[in-house]
Amino acid sequence: MYQQVAFDVSKIRKDFPALHQEVNGKSLVYLDNAATSQKPQAVIDSILKYYTTINSNVHRGVHSLSRQATEAFEEARKHFQRFINAEHAREVIITKGATDSINLVAHSFGSAYLKEGSEVIISALEHHANIVPWQVICEQKGARLRVIPLTENSEIDLEVFASMLNEKTAIVAIGHISNALGVINPVKEIIRLSHNNNVPVMIDGAQGIVHENVDVQDLDCDFYCFSSHKFYGPMGVGILYGKEKFLEKMPPYQTGGEMIESVTFDKTTYNELPFKFETGTPNVADVIGFDAAISYIENIGMEEIMAYENELLAHGISTLKNIDGVRILADGAPKAGVISFLIDDIHPFDAGTIIDKLGIAVRTGHHCAQPVMDLLKIPGSVRASLAFYNTTEEIDRLHEAIKIVKQMFG
Amino acid sequence: MYQQVAFDVSKIRKDFPALHQEVNGKSLVYLDNAATSQKPQAVIDSILKYYTTINSNVHRGVHSLSRQATEAFEEARKHFQRFINAEHAREVIITKGATDSINLVAHSFGSAYLKEGSEVIISALEHHANIVPWQVICEQKGARLRVIPLTENSEIDLEVFASMLNEKTAIVAIGHISNALGVINPVKEIIRLSHNNNVPVMIDGAQGIVHENVDVQDLDCDFYCFSSHKFYGPMGVGILYGKEKFLEKMPPYQTGGEMIESVTFDKTTYNELPFKFETGTPNVADVIGFDAAISYIENIGMEEIMAYENELLAHGISTLKNIDGVRILADGAPKAGVISFLIDDIHPFDAGTIIDKLGIAVRTGHHCAQPVMDLLKIPGSVRASLAFYNTTEEIDRLHEAIKIVKQMFG
Amino acid sequence: MTVNESAQKIVEEFGMFDDWMDKYNYLIDMGKSLPLIDEKFKNEKYLISGCQSRVWLSAEMEDGEVVFKADSDAVITKGIVNLLIRVFSHQPPEDIIDADISFIDKIGLKEHLSPTRSNGLMSMIKQMKLYAVVFKTKMKEPSA
Amino acid sequence: MTVNESAQKIVEEFGMFDDWMDKYNYLIDMGKSLPLIDEKFKNEKYLISGCQSRVWLSAEMEDGEVVFKADSDAVITKGIVNLLIRVFSHQPPEDIIDADISFIDKIGLKEHLSPTRSNGLMSMIKQMKLYAVVFKTKMKEPSA
C-alpha cells in the first residue's frame, strides 16, 4: 500500500504550473476551482507524451500504434471503474463532460422509460445542466418535472421529497454537491427512499467526485456523472456511470461509427456496452490525461485531500464571517469546497471586479443555478471555490480583498 | 503576405514528433491519416501553454484568466470562420467532432424541418456517421432515407441524383471526400442541383477539409462539418458551420449551462447563436490547439499542401498498380489522400497484419463505410491514407511490404 | 461637445490616475452620480442582455439629438454606462452610428470590452448604436 | 494430451522461430491446414462477432469431450483458431473452462489479445469457454 506522508501543500503546489503566475501584477490566487481546476504537470505531460508517441485512432485499427492507443484507452476506462468502484468496465461510458452525460441519460433513459404522465424529480439546488435536459424530455414525453423545495438553510427538504415519490416517478436526478452554494446533499438517503419506491436515481457528481469518496456500489446510485476538467484532468472528457440493467435497455444516444455492429441501409445493429453509447473518434489524448489525473489524486489520497479541504473550508468560512457585512449563503448546512457569499448590499459583479484586480480569481453571478438564486431573491453571489492546492494564506488574501471592496463601495 | 518556399517535406517532418519513432523494430511509416493525423509541435505546445497559463472556464467569469481564455477561445472561432470563409463567427459552432456535428444537424434540423413523408438523400459512399443519424431521425419522423447509387467507378451518379430531388426532399447530406475510397464527390454540382429545388445541403467534410480548399460561401453549402483531429489538431473538437437562416430556426440540441439565457422551472429561454448550440464547459484547451493547427497549415499554404499531396497520391497509385494482383478501388475516379486496395484475394486483415509488422501503419476493414463495401462485394480493403508529411520513400516501403505479403500468402 | 471631444475629455480625466484603484474609485463615483432612469423603464423591454449585472437603457429624440438614460444594479456598470452617456447622449444619430469607440481602450477599460457575455459593454454600445439607427431611419421617413 | 500439455507443445514449436516472419509463416500454414467447418455452420448463428475477419465456430459433444470446428475468411485468423482448437478441442468441458491462456502471451501473439474489437482472439476464447459451460450444465441435468 501507498505510504502516507503529512499533507504538504507547498510541495503539492509545485506540481501545478498554472498556480505560479502573476495576474494584474499580483501573484495569482485561484479560487475558481468549481468552474475548472488547474492541472498537475503529470497530466500535461501525459497529453504531451500521447501526442508524441502512440497518437492514433482506436478500436478498429490493426496496426501497432492503434493497438497501443486502444489499450491505453481501455486501461483508462478500467481505472475510472476502479476509482468509483463500478462493478463492470462496460458500465463506464466516456462522454465529453457532465453536461453531455446528463443529456445522454435524460434523452436515452427518457426515451425508454418516460411516458405521458410520468414524473421526474429534481431539486431546487440544481445546476442548469441538471434542469434543462429534464425540462426538454419531460415536455417531449408529456411528463411532469417536479422540484424538491429547500429548507430555510438551503438544504433539500427530505420530508417533502419522501412525499413526492409515487408510482408515477420515473427517475430522481440530484446533484451530489451544489456548485452554487457548496451544500452536500443527502444522496444516500435520497437513493434509499427512491429505491424503496423502485425509482432509480441519477447523481450529478460534477462537484461530488471532487470532494467526496465516491463508491457507486455503496451509494447504490443508478447513474453517476462528472467532468474530467473539474477533477484535475483535461477538458473535453466526462464520465457516465450507469447500471448495466438500465444501460442495456436504453437506446443509443448519438449514432455513427464505433457504436455500430453492422450497417446496411435497411437495418443497423448496435454494438455492445459501453460502445453502444460512444460514437465518433473518442478524445483518446484527454482520456489518457484524465487517467493520469486520477493516478495523481490516488497518490495523494482522497482521504487526505478531503481532510485538508475541510480544514481549509472551515478556516475560510470563519475568516470571512469575521468581516462585518459578509453573509455566507446556506451557512450551517453540510458543505464542501465552496464559500458562496455576499458583502453588504454590494453587487457581486462589483465585488468580483475589484477582487480580480487584486489578483484573486473568484466567480460571481448565478453560477448556472439561477433558480436557487431566484429562490434566495439575490442577483447572484461571490463564490470562492477551493482545491487542495489552496492555502490559508490565500484565504487571508481574499479576506484583505473583501475589506478593500467594502471601503471602495462603502 | 506570406512568402512561399518550395515544399520541403524533410523540413516539415521535423515539426511532427510522432513520426520519428520505431514500430516493431522498423522506423514508423504512418499511412493511417484518414483515421487521425499526427500533430505538429506547435499544436502540442499550445495545449501545454494553455494549461500552464490561462486555463480557466470561459464566458461567465469576471476574473482575468477567464477573460483571457474566453478571448482566446473566441479568437479561435473567428479563425475557423476566416479559414472556411463563413460570413459570421456565429455560424461556427464548436462541437466534439464530425460525428457530433452531424448528430446535431440530423436531430435539430430534423426536428424543425422533417415531416411524415419527407425525404432525406445521402449517397452509397457515406461514412456510418453520415448514415445512422439520418436513419434514426427518419424513423422518428416517418421520413424516408434515399440513397444515391454509384456508377461503375464508385462515383456518385449525378443523373440519378437529379431525378431523386423533389418537393418532398428536406435535405441532402453528402460526404465531400470518401474516407473509404478517397473519391472526391462533385459537391458543388450537388449543391447547385439541390438549391435549384430549394433543398439545403449538408457536407460531411471530415476528409474534405484536409485535402481541399474549403470556402463555404463559394460552395454555398448550408452546413459543413469536420473534426480537428483529422486536420492536425487535437482530439475532442469538431466544427459545424451552418447558415444563420437555418441555425436560427433550429431548436437547441444538447441543453445545460452556456446555451441558456435564463432558467426558471417554468420557462427556459435560450441564448443567441452560436451559444444556443454549445452547452457545458467547452474544450477550451483543444479549441485553442486547433487554432494553432490552422495557423500551421496556413503558414505552409493549403495550395502547396494540395499540390504535394496530389503528386504523392499519383506516385502511390502508379507504384502500387505496378504490383501484379493489386487492385485499386474506384480507380480512375477523381481522388484525394486515399489509396484503397486489395491484393489478389488476400484478406485485408491478413495483409494489414503483415504490413504492420513491417512498421507501416495502414488501416484494414470496412472503414466505417460498410454499405459501399457490401456494394463492391468485398469484406473490406487495405487503406493507405496520406498526409503532406508523407514521402515517396514511404510509398516505396509500402510497395516492398505488399510484395512480402504476396510471398507469404502466395 | 462632439462625440470625439467628449471622448477626448474622458481620456484626459482618466489619464490623471496612476493606478487602477483610483480609476475604479472614479468609475464608482460616476456610477453613483448617474442620473437615474425613470422607474417605468426598468423592465424587460429596456434590459440589455448579455450583462452579469442588469442594465436598463432608454433613448428619446430631442431636437434632432438622441438622449440616453440608464441604470444598473451594479455600481461599476453604472459608472461605465455613465461614461457612454457622457459621450453619446445629446448627439445626432449619425454621429453615434459612426462613433469610434477606441477611447475605451485608451482609458484602460479594455477588459470590459472583451467578448465575454459576463460583460455588457459591447452590448451597451451596440444597443446605443441601434437606437441611433432607428431614430435616423424615422427622421428620413416622410411624416405621415 | 491435456490442455496444458498441448499448450506447452505449441509454446515449444513457436520457440524455434527466431523472427516474427517465420512465426507468421507457420501460423499461415496452420491456417491453411485447418480442418474446415461444415458449410452449414457458416451462418450468423456460428459467427463470432468482434473480429475484423469473420470467424465461425461450432462445438459438439463426443464421449464427454468438446470437439470444436472453425473457419475464417482470413488465413492468419484461421491459424490462430487452429492453435486454439489444438489446445481446447477433445477436452472435457471443465478443463476448457478452467484453462489458463497465458500460452498465447508466451508464443508472442499477445498483440492479438489486446482489447481491440478489430481482433477476435479474446472473443474466440470466450466463445469456446461459453460452449464448455453450456455442455457442462447439460451433462449435469438428469436426462429427461
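Lettered A, B, C and D in written order, each chain numbered from 1.
One rule holds for everything that comes next: a contact is a pair of C-beta atoms (placed from the backbone, for glycine too) under 8 Å apart; a residue touches a chain by one contact, two chains touch by 3 or more.
All figures in this text were calculated on a predicted structure; none of them were measured in a lab.
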Higher-contact pair (C-beta pairs counted), B-C versus A-C
A-C
Using mean C-alpha positions as chain centres, tell me how far subunit B is from subunit C in Å, no decimals.
45
Need the CA-centroid distance for the pair subunit B / subunit D, whole Å please.
39
How many angstrom lie between the CA centroids of subunit C and subunit D, rounded to a whole number?
78
Among the residues of subunit C, which are close enough to touch at least two other chains?
52, 118
Subunit A, residues touching no fewer than two other chains:
24, 60-62, 64, 66, 349, 353, 364-365
Is the chain-to-chain touch network here best called a line, a ring, a star, complete, or other?
other
Listing every touching pair of chains gives A-B, A-C, A-D, B-C, B-D
Contacts from subunit A onto subunit C in the complex sit at residues 24, 346-350, 353-354, 357, 364-365, 379-380, 408-409
Give the list of subunit C residues in touch with subunit A in this complex.
20-21, 24-25, 28, 52-54, 73-77, 118
What part of subunit B is in contact with subunit C in the complex they form?
58-62, 64, 66-67, 70-71, 74, 261, 271, 275
In their shared complex, at which residues does subunit A touch subunit B?
17-18, 21, 23-24, 28, 30, 32, 35-36, 38-39, 43-44, 47-48, 51-53, 55-57, 60-66, 96-100, 102-103, 124, 127-133, 135-136, 145, 147, 227, 229, 234-237, 254-258, 260, 262-265, 268, 279-286, 349, 352-353, 355-356, 360-365, 368, 370-371, 374
Given the complex with subunit B, which residues does subunit C contribute to the contact?
49, 52, 111, 114-119
